[in-house]
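Next come two complexes, and both contain chain A; in the first it sits with chain B, in the second with chain C.
Our next item is the complex of A and B:
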């Protein structure tokens, strides 16, 4: 029982990371109809920025984090300008391919500029963690969960309680109507890219102390986030969060009780099962096209 | 100017001289390569990847389905050959056949997933498949040798000839590549190829043209997987060593990029893309590690500046002005009919209901269309007219009610089977196959299963030309349909329906979006069709048009039938006037 609880804790921690990346992913789908294969690179870049600011330049930890997030937000706009903007009127596939191109580019640019050596980063807190009954709560996992929860709450408040949030929602629901109502749709989409990139960066920053920071980080996280998205329901925000958490738990339990080498396969088996049995996911809408 | 002799539309030998020439070139080329070493490996890689990328043309280029798992199929072929020959002592070609068969079967399965899923979902299924295969190949060490891979893969004997030498084996790979490319090029102009392109351009319209959309997608995935595995099997022999990382997600992306770079709509484009991306690393060698970054950036630039790939760019500039087709063809069979109106009910609809949640778009509608009549279905916006046509043609499932067509209950049939039973339609928002020529669009209609010419390649062309003659569009036969005006696209849609010799034609607001002249021409066309006794159900707002052609009118409002009868009676009916013009002032007060 104690082991199970411990595994659940770990799984939820990893799942929270998937959920954050999935969240950035789903926002882009909703705002711009973009399936961004570069979402994992956002996390990778966030983690590398932290390495640069904290490990190399020895800035204070919080300054390094805030600086990294700010740069990631700005980067989101650049990313949109390169991959989305020129292709925005040409349907889904060209944008998908160009984000794939961007992910190859980013991963390899980091490799060239930084080298292949994996880096280790300190956690948010010096204390290793706290013991609660049979479960040892690692401080970094705890931080991840707390910060992820706060971010989700913050996002909820922004979207539901502010005018900017309403505009973003209107843009994601009907671009044409939104622009007729005087909402600057292009700006809303760019804001979404910035936010999505920042939130991806935060996920990378949070997971950096747990995994080694390397260029391989990106593709693993991205694929899991995609899977979380489909499991939760394509385009659904609560779905992305729950899908991410579910994936983290299933993966951790699968690795502990069934097989470690096949750990990465569980996510995709779960995904396939959902796609074939319940393609609309946990929260998604039925897929249909109007004649 | 020459008139093609009769019977020359189908050209079964087309491409054969080119194939022979290309095979010869491939063999010569293989003799010029060194017998071993680095340069040979580059050739070998280009040839085997080329085969797999040509496979992508089928699924992505022709059928429009994203597959990010071509490296997985490539790997299945490679492992089939490697494990079959090394561990199980099978003959090379037997092992290859097993690998190809397994890949083909899994490809069919992936295609079957498209029953429920499209677009990004399907892409995710292929990615999952790709990832799971990589994990299994890496970890099932007892079977696959794990990350160490399989060594000493032998090369085969063919007709008593040893292909162990590098040049000889390269010859086999290049000849296979050429044959696969020509076969895929030919596929484009076959019935299956046209069906794939129709599904790509507009799957709803394809289903109402009698195309089984699911079967077509499954076939595309299956073919693509088979071709991919064929390339992989040859790859294993070529390099004599394989390991799981050679068939990873990243390689699938590389193959996708090769196809898109060269031009995914043509196997020759795919080969150009493959060659370039195999050689590019050599050219970019001076960039050292930056190479992959440059490559990623190149992908974005290609997408932005060469949307149709290199081949598309070249083909666009080399496109010759197609000559008009001059051959005389027989008239459409329906033109031989006389416009006899009979009491027989062709389409009988009883109690038809369609609810979308709480909205009752159709609420118990009865309609009987007699053979040889033009039956108009009118009603204000939102009265349920288009929903009616969509339910009758099978695009929507009815909530309740029954549809009989030509003496048979079709209520539960999918759209393509309704079309095969003789029900053809056009769409309010025109649905033509934009990536195809006018003639090809109409040929898709002509080759519906059940049409008299459906099995006759030559007859299909003749029938399509006849249908184009009827609507006056023959001169544009070789134009891309997307370049035509809106009104002319409508004619193409009508010709597509007529070429299938339907029992009955459903026209969904044919006058929508047409100007006055075009509307008049359309009215004349409908009167001509009526004169030849084709049963037509037409929906329209244009009362002028309806009055000109209708024998019988049914009026819908709020999903219910409010009037039914001869044109005069119906148009004078107070409920109809009220529905269209509002209540008279005296009653409203």
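Our next item is the complex of A and C:
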């Protein structure tokens, strides 16, 4: 029983990481109708900024974190200008390809500028974790779970309860109509990119103490975060969270009780199963219902 | 002086001749092709290996080069992938002036490029430790590190005879390196009458090792042996081993003592043992190499000397053969006996294996301390 509880905790912790990155995907899907495959690289850049400000420049930890998040938000605007804006009227596919290209560029840019050495960075708390009965709760996993929950709440409030959120959703659904209603469409999209990039940066900062900081950081999590987004329901905030958590738990239990080497396969089998049986995901709407 | 057509043509011819002679001089080098991970997951390891290789090339050139000619490296990025190394090797192989090659430290990559190596028919020095690489009939592959049949035998020997452990858990990557090491270790332990209580594979670049750590715990092992390919994986495993309360001796393959692993895992690796083909203070050659390396690269300590040795061995073989002709170089490499390199004493056998032992070292508070060298005759 103790082992099962430990596996569940770890699965939820890993799942929270996927969920955090998936949140960034959801934001852009909902507000700009864009699938950004550079989302994992946002996490990588956030983690590297923390290394630069905290490890190299020795700024206070929280100053380094806030500075990293602020720079990531600004970077989101630059990213939008480079990958989305020039192609915004050419449909979804060119933008997706553009974000894939940007992700490759960013990874290699970091490799050239910073070098290939993986870096270790401190977590939010000095204590490695707490022992609760048979379960060791890693303090960083706990932090991720709490912050992911807070970010979901914040995101839900922004999208559902604020005028800004309504404007963002209106922009996503019909840009022309939103523009006719006086919504500054361009500003809404840039805000979304900035917020999405900042969320990605936060994810990177939180997972850096667990997975270390390297250019490979993005590839470890980005694909699974995207899978979590599909499983949860394309563009659904609660879906991204639940999809991420489910993915983390399934792959951890699958690895422990069936096969460790096939751990990654469980995640993608789950994705395949959803695409076949429930393509709209856990919280998605059927297209036919929208008509 | 007036410029006539004749003087203009003569001048042009003279300039062209000088250019051709100059080019011939610049081209009059012994070219060695290098497939190196400049990018990708092993880029950091690749950087250190390339630094060592450049240093070795400088030393060879300072002693007169190869058959009186300077050595020139032609480097291609293998991107730490199998398709990458095949592409890198094919680019190099297209250059007929390249006399020999230096390949990968990763067995899976050497496996991938081996068929092309056979077609090209020129010596390739490599560092991958999968024992089968030199036993598949590929006569142009020459190893500059001891293979995993020896690493496994050293791990088994040290764990059984020195640490007196009987209940073994083996954790290994499912790639060619890990699988090869795991099989060799199971074999070495079976010769000591031991069947491991756990043999656990994992796929590279994992975010979490909890299922593996819990499997070790459940198996009630009294020692863990490992073959990790990537240092971040090893560091995550090390930290979770401590967090989940598994406190048993751990003897790992060389990645456990690499500066990258030690830097990432920090205290989580304290007290662990590793086998190392290269240890800075193992012998006079490794001490001299480490000092020279540190002088150039800001007191950094190299984690491997195999690329340094590879260049020295190629130079020795070509100078002995007085030729860069592949067949003569091959014979000269296989004839090398008792060559003292940074990785140990090379005695090449007919398969292309030169080394038969490892150093055992211990991590004492982040410092890698040499314990003993265990060598086998065959």
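By our rule, the second predicted complex is superposed on the first by the 286 of 291 C-alpha atoms of A that agree within 3 Å, B and C clash if a C-alpha of one lies under 4 Å from a C-alpha of the other, contacts with A are read in each partner's own complex, and residues count from 1 in each chain.
One rule holds for everything that comes next: contacts are C-beta pairs under 8 Å (C-beta built on N, C-alpha and C of every residue); 3 or more make two chains touch, one makes a residue touch a chain.
Fair warning: this is a prediction, and the values are worked out from it, not measured in the lab.
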Notebook entry, point to check: Does the superposition put A:272 against chain B (first), chain C (second), both, or neither?
Noted result: first
Margin query: Per the contact definition in the header, classify A:106: touching chain B only (first), chain C only (second), both, or neither.
Written below: first
Margin query: Quick check for you: in the superposed arrangement, does A:82 touch first (chain B), second (chain C), both or neither?
Written below: first
Check: When both complexes are superposed, which of chain B and chain C contacts more residues belonging to chain A?
Finding: B
Next item on the list: Quick one: classify A:227 as touching chain B (first), chain C (second), both or neither.
Entry: first
Note to self: Between chain B and chain C, whom does A:165 touch in the aligned arrangement: first, second, both, or neither?
What the structure shows: neither
Margin query: Contacts for A:238 in the overlay, against chain B (first) and chain C (second): which applies, first, second, both or neither?
Written below: neither
Check: Looking at the overlay, what does A:33 touch: chain B (first), chain C (second), both, or neither?
Finding: neither
Check: Is A:261 contacted by the first partner chain B, the second partner chain C, both or neither?
Finding: both
Notebook entry, point to check: Can you pull the chain A residues that chain B and chain C both touch?
Noted result: 108, 111, 219, 261-262, 264
Next item on the list: Show which residues of chain A lie in contact with chain C when the two form their complex.
Entry: 3, 6-7, 10, 13-14, 17, 108, 111, 115-118, 120, 128-129, 136, 138, 207, 210-212, 214, 216, 219-221, 252, 255-256, 260-264
Notebook entry, point to check: In their shared complex, at which residues does chain C touch chain A?
Noted result: 39, 41, 43-44, 46-47, 174, 200-203, 205-208, 210-212, 214-215, 218, 231-232, 235-236, 243-245, 260, 263-264, 266
Checklist line | Of all residues in chain B, those that touch chain A in their complex | finding: 66, 113, 116-121, 123-125, 127-129, 131-132, 135-136, 138-139, 204, 249, 253, 256-257, 260, 289-293, 295-300, 302-304, 307, 386, 390, 395-396, 427
Note to self: Considering only the defined contacts, which chain A positions touch chain B in the complex?
What the structure shows: 35, 82-83, 86-87, 90, 92-94, 96-98, 100-109, 111-112, 219, 223, 226-227, 230, 234, 259, 261-262, 264-265, 268-269, 271-272, 275-276, 279, 287, 289, 291
